[in-house]
C-alpha cells in the first residue's frame, strides 16, 4: 500500500481526491490538511463522506512522512513551500498552476509576477497522461493541468500533432465549482442561478498551458460561466490548413485515442446525445470528444467535455498517481457517471 | 404627484420597489439611500435599471422631507430609528418585521429580544390589503407582512373566518432571493444549486404573524429552501372541524376573493398548470390559490403561491401605497408575469 | 457468478441497475430487454455506459434462463406476465408496484383496478431490507418499494415500532426523473425548469405502501415536484402521542439504525448541511435521516432524503439481491456520492 | 385604436405577443387563432394571462378583417397561405423565417427547399428597426428576424458598417424556449436540465440572415443549448482588419447606438454584471452589448444578450408595429426586467 497525504484538503478538489483515494485499492490516505478544519472530521467539509471515513483534518505542521503528497493549495502557495513538502514525500503531485509552465516568462506574463522557483520548472512533468504518459511514469514531480487546458488540449492535440491547424477559436462553458468553495457576490445563488456570464473573454491564464502544449498555432480563447455545478464544454473552432475530409478526421481521432481508457469519441447519428455533454460526466474521469466538419469552409468544430473536478483536477491527478505507481491507469476511476443527473 | 423615498434601497426588496415606482404614474421617487452605494447610480446595485433611471443613491443623512417613506432596512433597525424617519415623512411603509406584531411578548418570543418601541405597535397597521383594506386606507404607518405569512394567511383566511379550521400543517418551499443579497456559504452556487434543504423545520419567525392574523387555531409550520430564485409555494394541510364538500369550499373562496384584484383561484381540470405555481408569478403581485379535498379524511390541501419579492414584499407595499393614496389598487402593478420563464 | 437479466432495461431504473450490475463483482449481466431498442447497444439508451459495456438490448422473447430476473416494466405489466418470467429465472426482483401490497383491496383502491394475481401476493416479500431483512434473505420473489414510500417508511419506522406516532403529515419534494424517461407536456423543459408544482396533494398511490408497513396510524401525504433531476426529500410532521425529549429521539433512531449500512442520521449543529439533502445522495444508496423537535407542541419534524433511482429503486433492488445471494449488503453500492454536484 | 389579430397564438411567441398587446395603449387584440385551442380561453395556453383577458382562441377560418395581422406559424406555413392572410389585413408582420431572405437561393440552401413565393420577397422588409427603421415605417409587410440573427447582427453591425471586420466566429448560448412549446426527447427535463449541449455546430439557418445583413464578411457560427429558459448570449470573436484601440471601439458603438432605445452598451469596470447577461433581460426588449479587446491579437470579443422571445421575436415585432403606426417605438415595451430572477 502506498501512503498518500493531501495538503489543502478542505476544498472541492481536495474533497474529490479524498473521495477517490478512500476507495483506491492500492493507497492509504494517511493525512489530510486544512488549517481551518484542523481537528474536525473530513465530513465536516465533505458531507458526502459521512459514514465513509473517520479521518480528521490536521494542520500542515503536523504532516508526517509519506510516499506521495498531493498539493491542493491556492495558486502561488506550492512554489513558496515546495522544499517543505519535498522533505515530507519523495513524490509530489501538485494540482495548482505553480509548476505547469516550463517557461518562466510565460508564467510572468499570465500570472503577473515572477516565478519564485524557476530552478524546479524542468523537474515537473506536465500531468496530462495522454500526452506525457512515459514521462509521468518516471516522474517524482507532476504538475496537473488546468481544467480548461485539459479539455482544449485533448480536443486539439491529434490535429496539432499532424500539423493540420492554422488557428483555433475556443469557447469554454464552465460550471460554478470551477471557482472553488469560497462564497462571493458572483457565486451568490440569486445572481448565479440560470446565469450565462462572460467570465474571461480574453487573457485567461489557462491559455499559457495551451501555448506550451500546442506550440506554433494561435489559440483565441474565451470562457463563459453557465448554469451548471460541475463540468466544462469546450467548443473549438479549428481552422484547418488543408482540406481534410470528415472520414479522415474520424481516423485521426481514432488512431490518436483508440487505446485511451478515458477518452471517448462521441459522434452519434441519432438520439439526443450526439455530442459530448458534461452532464453525463459528473464524477467520471472521461474526456468525451466529438466534432462536426463545416461543409462551407475550412472550419472543423471540435467539442470536448470533462468534469472539471475530475479529469480537470482530482481524477487526472489519480490517473497520474496510477502511472507513477505502475498500476492500471483506471484504478479507482471506474465510476461511469450517472444518467440522468 | 406623491414624492416617495426609499431607505435601504440597495437590496432586492429596495430594487423591486424602485423598479415599480419608477413607472408609477402617481409617484416620483425622490431619493434612495444606501450607505454602501452612496453617490453611485442605482443601476450599480440593480443592473436591470440601466438606461431606465439616472437616480443615484444617497446616505440616510442626506434624506429630505417627502410625502412617504419606504423602509427596507434589516430587521431591528426600523424600530431604532423610527423617530428620525417620522420626522422626514408623514407616512411610512415599513417592509421589515419590526412593527408587524401587536403583542410585544410575541415579538420577544420569536425575535429573541425586547421590542424597543412598544408605544408605536398600535399605530402600525398590518399591511395585508385583503384583510385590512380599510385600516390601510386611513393609516399613516403600515408594517408590511412577511412573505411566508402572506402566502399562508391568504390561503387560510377564508376558512378561518368561517371557523372551519381545527389545525393546519403548512410547508413552505422558498427560493433563494428570500435570503437577501448578501453572499454566504449557504447561498454559494455549487452548494445551493439544485438543493432542497430544510431551512426552518420549526420555530420560523413568520409563525408569529400567522398566530396574530389567524387567532385560535394551531399552525405547524416548516420552511424548505429549493432551487428557485423568486417565489414561494405554501402547501397548507388544513384539518377541518366539519365536513365541508368541495363545492362549498369553492364557494367560500370565491366569495372571499372574487373582488380581489390580486388573488386568483387556480383549479384547472386539465393541463399542466392545474395548481398555483410561483414560476408563473415572477414580477407580479398575484397570490394564486388552489386546493384539493382529501376524500378519505377531514384534510383539505390548500396551495398558495406568490413572488416573495412582490406580493411578499415590494408589490404588496405598493398596493398599500395605492390604498393610502386613494387610487386604484393595481396602479403600477399590472405586470401579468412571463410564460415560460 | 450469478447470472442476472433485466426486463425493461431502457428506462431510467433499468439504466441504473445496469450501471451498478456491470461493476458488481458477483454478478454477470446476461441479457437486458427493450422492445424499442432491441439490437442496439445499451449505450444508445444509457449514454453514460459508452465504452463500459458492449451489451446489446434484446427482446423479451429472446430471454434465456438465468439465476435472477429484475423486472423494470411499467406498473401493471409484471402481474400479467409473471408466469412467463418465473419460467426464466427461479428468483425475481420486481421494481414495479404490482406485488408490493399484500391486501388486494388496498391495491384496487389505490390502483383503480382488480389485482390479476392475488394468488401470488403472499409469495412476494416487500423489499425494504431495513424492515424485512430476514425475509428477503429467504425470498425467491421480492417486490421493491416505491421511492416515496421508502423515504417515508424509513423516516417513521423507528417511532412507529415504539407506538409513538399519533398521526403524520408527510410532504415529499421530488425530482423529475421520478416520472420516467418519456417526454410529456409536464416534463417539457421550459415548463418544468425552476418549477415547484403540486403533483399529488392527496391520493398518492405510495400511501398504500405506507399504510401496509406502518399500520394503525394515519398518514396524510402530499407530493410536490421541484427543480431537481434525482432525489426525494420527505418532510414528515409527526404528531407524537407522548412527550418524548429530543435526546430520547436521538436514542431511538440510533438504536434502530446504528448497524444499518445505508442509513445515516444527519443532525449537525453547524454548517450548511445540517439536515439530509438529496443533492448529496445522487448515485448513492443512502437514506439520510434528520429531525427537529418542535418546542411548542407534540410535533416532531423528521426529514429524510434518498436518490429516487437508487435507494428508491435500483440501488435498493441490488441491496435485496445481495441479501438473496448471502453476500455483503453493500456490494456494488459503495459509491459515496459527489460534492458538490 | 388599431385592431390586430394573431395567427398561431398558442405558442410561446404568440403568448408573448398577446401579453404585450393586451396592455398596448394603441391596439386592440381582435382575435387570436389556434386550431388546437379554438373555443378555449387564452389562459389555457398562457396561464400567466389568467384574470387578465377573457379572450378565446378561434380557428383561422373565423378570422375577420383587421388592421394588422401577426403571423406566428411554424416555418414554411406563412408563405403557403400568405394570400389568405393579405385578404384579411392590409399590414402583416410575419414572425416566421419565410420572408426574411431576399435571395431565394439562400433560402433554398439553408431551408432545403424552393421558396414558394419568390414574387413577394422584395415586398417584405427585414424587421430589424436598428438597421431598417425607415423602411419599416413605410412597410405593409415585415418579416421579423430570427433570434440568433438579431443578437449577432446587432453586435457586429457597427463594426461592419465601418468595414472593420475581416471575419467572425460567433458562439450562441441559447435557452430552451427557443425550441418552442412542443415536448420532445431533447426537451425532457431530466435530459435537458443542467445540460450544455451542442445544438448546431455548423449550418445553422440563421446564418443566412447574417450573410444577408452583414454582407462581404465570413461568419462562422455555432449554437449551444444551455440551462436557461429564456435568453441568448452571443459571443462574437471578431477579427479586425486594422488595429482599432479600445477607446475607438467604444466610440463606434456609442455613435451607432446612443439614440437607440433598446440597445444598451454594458461594460462596467467593477461588480459582477460587467458584461451583458440574458438573465437580466427576461421579458424586456433590450439588446445589451459589451466587448473586450484582446491585447495580443486582432481579436475583439463582442458579447450581446437578448430575450429570445422578446427582442428575438414578439418584442421586436411590436417594436416594428409601433414604427408602422408612427408612434413611440417603446410603446408597450417599457418593462425593465427583473433582478434577481
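Order of writing sets the labels: A, B, C and D. Residues in every chain begin at 1.
Basically, a contact is a pair of C-beta atoms (placed from the backbone, for glycine too) under 8 Å apart; a residue touches a chain by one contact, two chains touch by 3 or more.
Only a predicted model underlies this, so the values are computations on that prediction, with no experimental measurement involved.
Two chain pairs are in question, B-D and A-D; the one with more C-beta pairs in contact is A-D. Chain centre most remote from that of chain B: A (centre = mean of CA atoms). For this pair, chain B with chain D, the centres built from the Cα atoms lie 35 Å apart.
Between the CA-based centres of chain A and chain D the separation comes to 38 Å, rounded to the whole angstrom.
In chain D, the positions touching at least two other chains are 12, 177, 181, 185, 190, 193-194, 227, 229, 271, 277, 340-341. In the complex of the two chains, the chain B residues touching chain C come out as 169, 171, 173, 185-186, 190-191, 193-198, 201-203, 218, 220, 222, 224, 226-229, 231, 233, 235, 237, 271-272, 274-279, 290-297, 299, 301, 303, 340-341.
Within the complex formed with chain A, the residues of chain B that make contact are 12, 175-177, 181-185, 187-190, 192-194, 227, 229.
Touching chain B in their complex are the following residues of chain D: 12, 15-16, 19, 22-23, 44, 46-52, 177, 181, 194, 229-230, 264, 266, 271, 273, 277, 280, 282-284, 286, 288, 334-341.
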